[in-house]
Structures are given as structure tokens and as C-alpha cells.
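Here chain A shows up in two complexes: once beside chain B, once beside chain C.
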Partner chain A sequence: MGQEMKSNIYTRPNRLLTFLNSKKVAPYVFIFPFIISFTLLTFYPTIQAFVMSFQRILPGQTEFVGLSNYRRILNPTFYQAFQNTTTYVILTCVILVTVPIFLAAMLNSKFAKFSTFYRASLFIPSLASIIVAGTVFRLLFGETGSSFANQVIGWFGVEPIQWQYTSWSAMFLMVILSSWRWMGVNVMYYLAALQNVPLELYESADIDGANVFQKFFYVTVPHLKPIITFVTTISIINGFRMFEESYVFWETNSPGNIGLSMIGYMYTQGVQRNDMGFGAALGVIIILIIFVISIIQLNLTGAFKRGDE
Partner chain B sequence: MKKIYFSFVFLLLTIVLIACGGNGATESGEEAEEVVTVGDNIEGASELTFWTFAGTHADFFEDAAIRWNEEFPDNPIQFTAETYPFDQMHNNLTLALQSGQGAPDMVDIEIARFPNFLQGEIQLEPLNDLIEPEIDNFITERLDMYSHEGQYYGAPTHLGATVVYYNTAIMEEAGVDIDKIITWDDYVEAGIQVTENTGVPMTTIAENWYGIWPFVRQSGSDFFDDNGDLTLDSAENIEALQFVADLVIEHEIADVTPGGHYHSEEFFGFMNGGGQASLIAPTFYMNEFMVNMEDLDGNIEMRPLPEWPGSDTRSVAMGGTGTTVTNQAEDVELAKDFLAYAKLTEEGNIALWTQLGFDPPRWDVWDSEEIREDNDFYRYFHDDIFDILLDIRDDVVGVHMTPYTPDVLEEIDSNIMFNVLRQQSQTPEEALQQATESVRAIMD
Partner chain C sequence: MKDTKTMLIKVIINCFFCVISLVALFPILSLLISSFRPSSELMRNGISLTIDWSNLSLNNYLYIFREAGDYWQWYGNSLIITTVTIVLSLFFSSMVGYAMAVYNFKGRNFVFLLVLLILMIPFEILMLPLYQLFIDLNLINTYFGIMLPLIVAPIAVFFFRQYALGLPKELMDAARIDGSTEYGIFFKIMMPLMLPSFAAMAILQGLSSWNNFLWPLLVIRSNDMFTLPVGLASLLTPYGNNYDILISGSVITILPIIILFIFFQKYFVSGLTVGGVKG
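Right, the complex of A and B next:
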């Protein structure tokens, strides 16, 4: 009898627990919360956006219009937005992938003084509100001769520039705002990675008579490769998603569309003009563009290859 | 097969990465900037919520709600006014009306955004039963701007008649008598005199519709005709834009507005410091003078627009916000009655002037004692503001609003004015034709 009771106590809770604890089920239990939030908040909206991209959506009147939204995408404004965004992505990638490596290496070197202070001051911009930062940038780069930037170039005898009204300077403003903002974060990634470079390698490099640059390019950089790939991917995706950097300077209408980004175009058309179908079609195109470019980039850097290949 | 599966997973990952991450500009400030509540201590008061993007409008309705509760103690309201940033309020409203929930009872919609809300099944309540009995007292051109197929959806905030504000100090220095400026030719001549004698430009041209629409409408044309067909590149419009461009390029009496438009901090400082001799803007701009340009107190006189050759039009009703009642209002009739009380009655129209300094859309109050009473606006400007308006009352025109008007305004903002005036890379004809093509592509 005592024996029976014991086994009862064991078996009842056991069934559920054993099930959940089994090697096949347990992983799913752990990722269950993510699956739920992903399905509800990301997957469903994505599918819905895809459906909406074939619709014309007005209050109380939603109808399927076939490919008409996609046909409308091929217009000069979209090309301009695509061109702006692509230029922006290339510039920010080059700056935000390379410069932080050097900064991180410098901060990590044993000769650097006050490195904690510099690390903090590089990181702080990423915590600042972009609206506040944008306002400050807009004032620094005002169009009048008395604005800070125009005074500085004035010392070198350069005429004042209408920063927010010229194509190249508009791109410059967006890139410099973004670089200023994200530099510190990328420096942190690289600094973390630098901790993992074995010191013995530097020692043996020293013994072999390598100089500072050789050590940097033949020891440090190869060890940073996974992080470089990661930072590049993130920079590309964030670049294509660019919106605020343009919004803070011109809100949604920049002169001659010099500051128009693809997301900005999606926002004005989809939300401001209440043309959700067209906005959704733009969104789908942007996803595809990012997808294709990321695949190409990751393939080139060998991120998909297994270590033994 | 494995490859396809892998690609799919990767696509999902891309989506996650695109979807995640901060969107500071759009997500910050979900909350209203300011909330005003009236009558929350009255038992059994019906709740009314109101969204606006202008704090002054919230104050205006707050005052009206207090008066309403005093006047109709049997039918009290608990009135809540929420002020949001401009873009956010309109976007929220779009989504709320599209999805059928979350909209307020009453809401302010700015004129350039209004057409967006007149598409599909209109989610706003017509105000015809309140407006029609009194329609003769209104400048109807203003009401038409918020209408669709004979239904009036918006209660106007002002007439917004475009006038010329002259800086009398500069005019005197240049030796120009502003009452001798009758036609636009006179204006140009005076401009040449001003620039020569004072070195200050006669005016500056905004890079948005302020810099083109008044001239287009005064010449008798518009961006769309009565049938809603696009006439953006018509000969009259090219001529109107050519006139504006000539002010800048040929006569050299005008510049492009610092900051690009008349509501920027750069411009306030520029104008306040005597940077230009005159400003072509609607009457609602009086308030900007009072708030942002204190140094010009007593130095600004307004006059009707100079005459355009072959046109009787002396002023154009511009800009402006229509207050609407949504179909999600709990008690549509009450919301409409209160809106009419606040903005459509004589009393309400008088308040529009005394509290906000707007020229009331009802001309029958322009002569009333309350309007003529001394106030800050008369002191800043001059006493005969409403005599000027009464004088040109029959010669005020409105603008045609169509579902595609916002697209035209966007072209003006981002391409037309920039290319013609600032870059000077296109002639008015080229710019208008190119913009017409872009808008046509959207309309098809």
C-alpha cells in the first residue's frame, strides 16, 4: 500500500514534467515566448503588409488592385530616395566599420591615457535623443554666415555654404550625424572583441620583430573579422532603415528631395498621405533590397561557411 | 530544399532585424503635450474629447466649454482638449479613423491634410444642418474648402485673407507711400526704390505654397479646375510663378526666405530685425507678429494685395484649420452643437477675433461692437483692420481642394520653389511641367 502511494505521488506530476524536460520538447519550451511575440508582432504584420501591398485601402473601402501599387513605385521620386539611401549606406558603412577599429585599438593600447573617459565620451552620443542632437546640428550648420560651421570654414577663406540646401552637404549632414551617434557603440563592439585576442600572439609578433602596424593588420584585424562582419551587417540594415537623420533636418519635405530616404518616402506616402497600400508595397521592396544585399555581403565575407570548409 | 528552407529562415531574420531597434523620432512623445479639462467636477456631464495641434486652439475651446456649462446647466459637458505635435496628431487620426476606433469626438484638421480625410467612406459628420441656416453670413469660399460633394465637414477657424504687411519704418526711410501701391507694377517699382535706398529686400519668397498659391489664385487660376482636373502647368500659373521668379531674379527686389518658410525661427528673427520691407501672408499671421516679432510693434500696416492685371480678386483665403466631428463621437449631436456654439455662432466668431486674433469667417460680426473694441491687435497694427476686410469682402476667393492637392503642395515644397528660386536650375515652365508629370503619375 505504502509502495503504491509513493509511486502515485511520483507519476502524476512526472508526466508533464518529463514531457517538458524531454530533450525534444525542452528547447521549444524555452523559445516559446519568443515564438509568440515574433508571430504576433513581426510575422503577422509582415504577412499583412504583403497582402496590403496589393490593396487600395480607404476607410470602409478596401479593394484588391493587383500590381498597381508596385507599378507606381517605379517613379523618379523613388529612384531619388533609393539613390540617396544607397549613397548613405555606403558612406556610413565605410566610416562606421573602419574608424571605430582604429579608435578601439587606440583606446585598448597600454599607452592610452584617460581611456575610460574617452570611451564614455564616445559612447554618450548614442544615448542622446536624436531630436535634440538634430536640433543642435541644424543650428551648427545654419545657412547664415554667422552659423558655427560657416564661421569655421570662413577662417580658411571659404564662402558660407547653404548646408541644408545643397545635395552634397545634405548627405554630409546626415552621414556626420549618424557617424557621431553610432561611433561609440561600434567602438564598444570592437573593444569587447579586442579582449579576446590572445596576448601570446602579440608577444611572438614582437619576437619576430613586427612593428605596430604589422601587428595591427596581421594579428588584430583577423581576430576582429567576425565582429567586422556583424558591424557591417548591422550598419547596412540600419542604413537602409534611415529615417530620423533626414527627418531632424527637413522633416518630411527636403528641397529637391535631397534628404529623402526610402523609409521617409514610405512614411510620407503611407502614413501622411494615407496611401497604406502603396506604403506597404514600398516596405516589401525595401525588405527585399536589404535581404538581397545582406545575403551577398554575408556570402562574400564567408559568414555562411562552416569553420572546416 | 535545404537551401530554400535556409533562405526562408534568413529572410525572417532580416525582417526581425529590420523591425527591431529604436525609432526615436516617431515613438517619442506618444503622450499628449498638454491636456486641458473643463467640467470634470460636474455630475452627469457628457464627455467630449478634442484633439488639436495648436495650444491656442485648445485654450479657445476650453473657454467655450466654460461658457457652455454656464449657459446650459441642464446639458453640461466634461470637455477634454489634448494637444499633440502636428504630424503625430494627423497620423494618429488617420489610423483611428481607418481602424474604426480610438478617434476623439472632435478634432482639428489642417487644410493641407483635410483632403486625406475626404476619401473612401468619409468618417466625419456633415455640419450642413448647422451651417446652412446661416450660410449667408459666412464668406462661403472658406466653407467650401472643407466640403465634399455639397457636404460641409469643417468649422473654419478664420477667413485667412491674404494681405501685404508693410514695415512702415523701412517704407518711410525709402520714401515710399504704401497707399500709392495699387497694382503689382507699383509694388515692383516701390520695391526697386526700397532696395536702392535702404539695401533691404522688398520681400522674401517662401519655398512652400505661401510663395505661389496667392499669386496663382489672384490671377484667376488654380492648381485644379472646377472638375478636379489638374491645371498646374497652365499658362496662367506659369505666368504667376514667372512673376514671383522675376521679383527674385530679374528685379532683384526679393530673396528666398531665410529658413525656407514664414514660420521658422530664422525668419522670425530676420523679419523682427527689419530684414525685409513687406510680407505677403494671410491675416492669421498677425498672431505671429504679436508673439514672435515684438520689436515691430506699431511699425506694421496691412493692405489688400495689389491688383493683378485683369483680375478683380483682392485677397485669397489661405491656410487654416477646420474643426470636425468624427463618426466615432459618442453623442454626435451634442458634439456638433458644441462645435457650432464655439465656432459657428456670432459669439463664437467674435471670440475667434478677441482670443486668437483671427479674422472671423462670418462677415456679419466684422462691424459689431465687440470686434471694434480696442484690443492688443489694434494697438500693434492699426484700427481699420476690419474696414479693409469689409472693403474687399466680395473680392476674396478661396482655393480648390481635391484629393490630390496634398501631392501638388508636396511638389511645390520639395521641387518647384527650390529649383526655380533657390537653385535657379529650372524655368517656371519647366518646373511646373515636371511637377505636373509627377502628380499625373499619382492620379492615374
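Right, the complex of A and C next:
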């Protein structure tokens, strides 16, 4: 009797433990946190983003308004935000995809003496938060004649510029801030990829009498193609996500909306004006734009073709 | 002839990189030097090349250490949030990544597809519905609300999975024969083997959390819950009279990170280049 009770007490938890410990069940226990977080933090908000975009959301009452939010999107402010963001994406892509290739190739050559120091210096800007970086850039590009930027252009006889108040210089500020922060990280991507270029190719190019530039364009660049595609993709996506680069200069009120990005527009409408339905509709449009452009870009670079990694 | 030419190229390239390094470090260095200048002058003139050396003082730092209780509250918030985010996100993400690498289970490929999918959806798009959800769940203005979106990071899951694919699976069978449970295998045998990947991910997650701005900006409602970026941003107005705290506070925010970077450069680079996530 005593024996039986004892085994009863011990078999029950044992069975549960054995169940949890079986090779079939354990992996599901391991991935459980992901399932929860995916459902709560990605799946639900994704569905909700679409639902909300058809609603007008007021505290305590929510009504379906059909396509009305989407119709309201086609307004001059949105065009301005779209234009700003697109310009920003193009400029940051051109700078952050091409310049690091040259820097990495030179750093990787036998000529660069203190390569470790150069790499570290290039990388350090990525450690700064956007707020710290933005604070410095605001002060460097101050509007008075004695700010650093105006002193430098003064050497060339250019009048002081009110950097934060004209359209082209506003774009310049955001692009240069972003380029400064992310240059080093992209150099690291290319440097890692350069390690995989077979050295024999350079040797045989030497035998054929190729010069430095021919070697760069005919040996190095083709081998970097997959990583170039990758860097372009993240630059496009990060460009369309732009918000903070504008926020540090003007918060959400840039003069004449010269610094307004699409995410910034979504933030002001959705959060500050509490027009969540309209904000959600903007989000849907932004994701569609990113999606379409990514597909076009990946098609152009041939990433979908077979045999291209 | 050939030697002089090589020499010349060497000199040119090294000079070029000295200039590039200077340009890259210049904003940080100028921030450091400016932190010793009177804040009123900074506010009026910005950072300028003409420095009045006799004017430099430790006043901004004395002020922040003695008077700026708010700033240290933000510092504490950021430290707590970053530490807890690192611990929780490494714990959960490594579990998930590990299981996806070493087990053959039904739905594994589907889960991996989901991880890649989340990597491609910009967080900002989900921001409004999440914000609404967090309001409904009463998570607004709480530490947990600030941290939650970073806790199971798809990028970390992806990284741990790649790393765990290279683990020796024979060890698992040996441990099973010795009577170890599946969880014992992970915590006692495999986790120690995954340590290098933990270092890189701790840095990535730590930096993302320390520098995170947009989500905390949405969720935080009161000054005493501010994290460093949100707090510093609140001082960043043209009409502000807190430039002393803004400048010395920015230095104190970034200096520990740079010191850590100097010692753990390798892990910083592998952490930050894992998928090009923006901090």
C-alpha cells in the first residue's frame, strides 16, 4: 500500500518531465518564447495595421470608414514627405554603397600601414546614439558665422549659411549625419567580403599586366556583388525608415516641412494628432513602397537569378 | 624606381586615411572639447574652430555631478533597461536559435521563415498598432513596456542559429546516454560553447537598447522614466538653457561605450555587422 502510494506520487511528475524532456517536445519548449513574441509583437500588429487603416479611431469608439484614410493621404504634405524621403534614400544609397567599397579596398591593400587604427576610427561613429550625434552636428552646423561649418566655407569666401532653414542644406545635414554614422559599418561588411576574393586572381591579373584600377573593377567588384546587393537593400530599407535624423534637427516641425520624412509624417499624424487610422494607412503605403522598390532593386541586381548566390 | 613608386603610393594612402580618420573622429573629439567650454557660448555660437583656451573649465561636469539629479535618474533607467534587455534577450534568443539549429522538428522551416520575415518588416510600420496595444495592456510608461519589443530579437535568433549550426551534435548524444535532460544539454554543455556568439549579441542588443529612441519616445510619459536618448533629446531645443547638461551628459553617455569598444573591438564589429540593424 505504502509502496503503491509512493510510486503514484513519483510517476505523475515523472510522466510530465519525461514528456517535456522528449526530443519531440523539447524544441517546442525552446521556441515557445518566439511563438509568443511573434504572435503578440508582429502578427497581431501587422493584421491590426491593416484593420486600423480602414478605421477612424477615437477614444472609446471606433468606426469603419472604408478607404477614406487612404484618400486623405494624397495631399501636398504627403508628397513633400515622399519627395524628401526618396531624395534621402537616393543620396544615402549612392554614398553609403559606393564610398565604403573604395575605402575597404584600400584598407585591405598592403599599403595601409595602421589599418587597425583606421578601421576603429571609421567604426566609432556607429556607437553614438542619434541624439548625441545630432547634438554635435547641430552645434557644428550652427547658423552663426562662428560655427565650424560656416568658418570652413568662409575660408572659400562663402557667406554663412543657415543650415537648418533652407531646403537643400536641410537634406545635406540629414545625409551627412547618416553617412558619418554608417560609413564604418559598411566598410566592415566589404572588408569581410574582401577576405573571400581568391588571391590567385590578383596574381594572374598581375601576369596579364592589369593595373590597379583594372584589378579593382574586373576582379574585386564582381566578387563583392552579393554584399553590394545586401548593403544596397539595407540602405534602401533604412532610408525609408528615416525619422530620427530629422527629429534631432527639427523635432517634428521643420520650417516648410523641409525635413519631414514619411515616418515622421506618420508619427505626427498618428501619435501627436492621435489620428491612428490615418497613421496606420500611411504605414501600409510606406511598406508597399519599400516592398515594390526592394523587388525592383533585387531584380535589377539579378539577385533572383539562379547561380548568383 | 619601382620602390620609390610603391613608397609614394604608401605615403599617399596613409595620409589619405589619416585625414579620413580625423574626419570620422572629429565630431566626437569636438564634442569632448566643447564639453569644457561655457555652455552659454556653445548655445550662441555652436562649436567653432576658434577656441578660447583660457575659457575651458570643468564647470559643466561639476554641475552635472552636483545638480543634475534628473540626468542621473535617466542614466539609471538606461542602465537598468539595457542590462535587463541584454540578459532576457540573450536567454530567449539563444534558446530559440539553438533549437532551430540542432533539432529536427515539425514546423522548423516555417519558424525560420517567420524569423526572416520579421527581419524585413521595419519596426516603424508596426509602431502604431503596438502603441495602441501597449496602451490597452497598461504597459505605457513602464520599464517592461520599453523593453518588450527588443526581448526576442529576430536578428539575435538568426545569429544564434547560424552559430549553433556549427556545434558538435555528438556531444548531445553522449550527454543523453549520461542521463542529461535536453535542457541540461543546452544550459550545461552547449551554452558554454556558444559564448563567443553571446559576446557579439550582448553588444548588439546592449547598444540597440542604450541608443534606442523612437519606441521609448512613444512609450515614456514622465521625466522620471526617461532613458538617456529621450532625456537628452528633451534638452535639445534652441530655446533650452540646459546645454551644460546636454553636452557633458552626451560625453558621459558615449564615453563608456567607446572604452568598451577599445577593449572588445572584435565583438563590436561582429555584433554590429550581423544584419545591418540600425541602432
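Keep in mind that, in the parts below, the second predicted complex is superposed on the first by the 268 of 309 C-alpha atoms of A that agree within 3 Å, B and C clash if a C-alpha of one lies under 4 Å from a C-alpha of the other, contacts with A are read in each partner's own complex, and residues count from 1 in each chain.
We adopt the following convention: a residue touches a chain if its C-beta (ideal position, glycine included) is under 8 Å from a C-beta of that chain, and two chains touch if they have at least 3 such contacts.
If you're wondering where the values come from, they're calculated on a predicted model, not measured in any experiment.
On the superposed chain A, the two partners chain B and chain C do not both fit; they clash. In the superposed model, A:I131 makes contact with both chain B and chain C.
Once the two complexes are overlaid on the shared chain, A:R273 sits against chain B while remaining clear of chain C. Shared-chain residue A:Y190: touches no atom of chain B or chain C. After overlaying the two complexes on the shared chain, residue contacts for A:T46 are found with chain B and with chain C alike. In the superposition on chain A, A:F243 contacts both chain B and chain C.
By the touch criterion defined above, A:I290 reaches both chain B and chain C.
Shared-chain residue A:Y88: touches no atom of chain B or chain C. When chain B and chain C are set side by side, the one touching more residues of chain A is C. Of the two partner chains, chain C is the only one touched by A:P33; chain B is not. Look at A:L58: by the touch rule set out above, it reaches chain B but stays clear of chain C. After superposition on chain A, the stretch of chain B whose C-alpha atoms clash with chain C is 8-16, while the remaining options among 8-16, 134-142, 242-250 or 386-394 stay clear.
Residues common to the contacts of chain A with chain B and with chain C across the two structures: 38, 41-42, 45-46, 57, 129-131, 142-144, 234, 237-238, 240-241, 243-244, 247-248, 251, 267, 271, 276, 286-287, 290.
Chain A makes touch with chain B in their complex at residues 38, 41-43, 45-46, 57-61, 72, 75-77, 129-131, 142-144, 162, 165, 233-234, 237-238, 240-241, 243-244, 247-248, 251-257, 260, 267-268, 271-274, 276, 286-287, 290-291, 294-295.
Chain contact summary for the complex, chain C toward chain A: residues 6, 9-10, 13-14, 16-17, 20-22, 24-25, 27-28, 30-31, 34, 42, 44-50, 92, 95-96, 98-100, 103, 105, 108, 111, 114-115, 118, 120-133, 148-149, 151-152, 157, 181-183, 186, 207, 210-211, 213-214, 218, 228-229, 232-233, 236-237, 246-247, 250, 253-254, 257-258, 261-262, 265, 268-269, 272-273, 275-276, 278-279. Residues 17, 21, 23-24, 26-31, 33-38, 40-42, 44-46, 48-49, 52, 57, 103, 106-107, 109, 111-114, 117-118, 120-144, 146-148, 151-152, 180, 182-185, 188-189, 192, 230-231, 234, 237-238, 240-241, 243-244, 247-248, 251, 263, 266-267, 270-271, 276, 279-280, 283-284, 286-287, 290 of chain A are the ones that touch chain C when the two sit in their complex.
Contact residues of chain B toward chain A in the complex are 7, 10-12, 14-19, 21, 23-26, 28, 87, 90-91, 94, 97-98, 100, 113, 116-117, 119-123, 207, 258-260, 266, 406-407, 410, 413-415, 418-419, 422-423, 438, 441-442.
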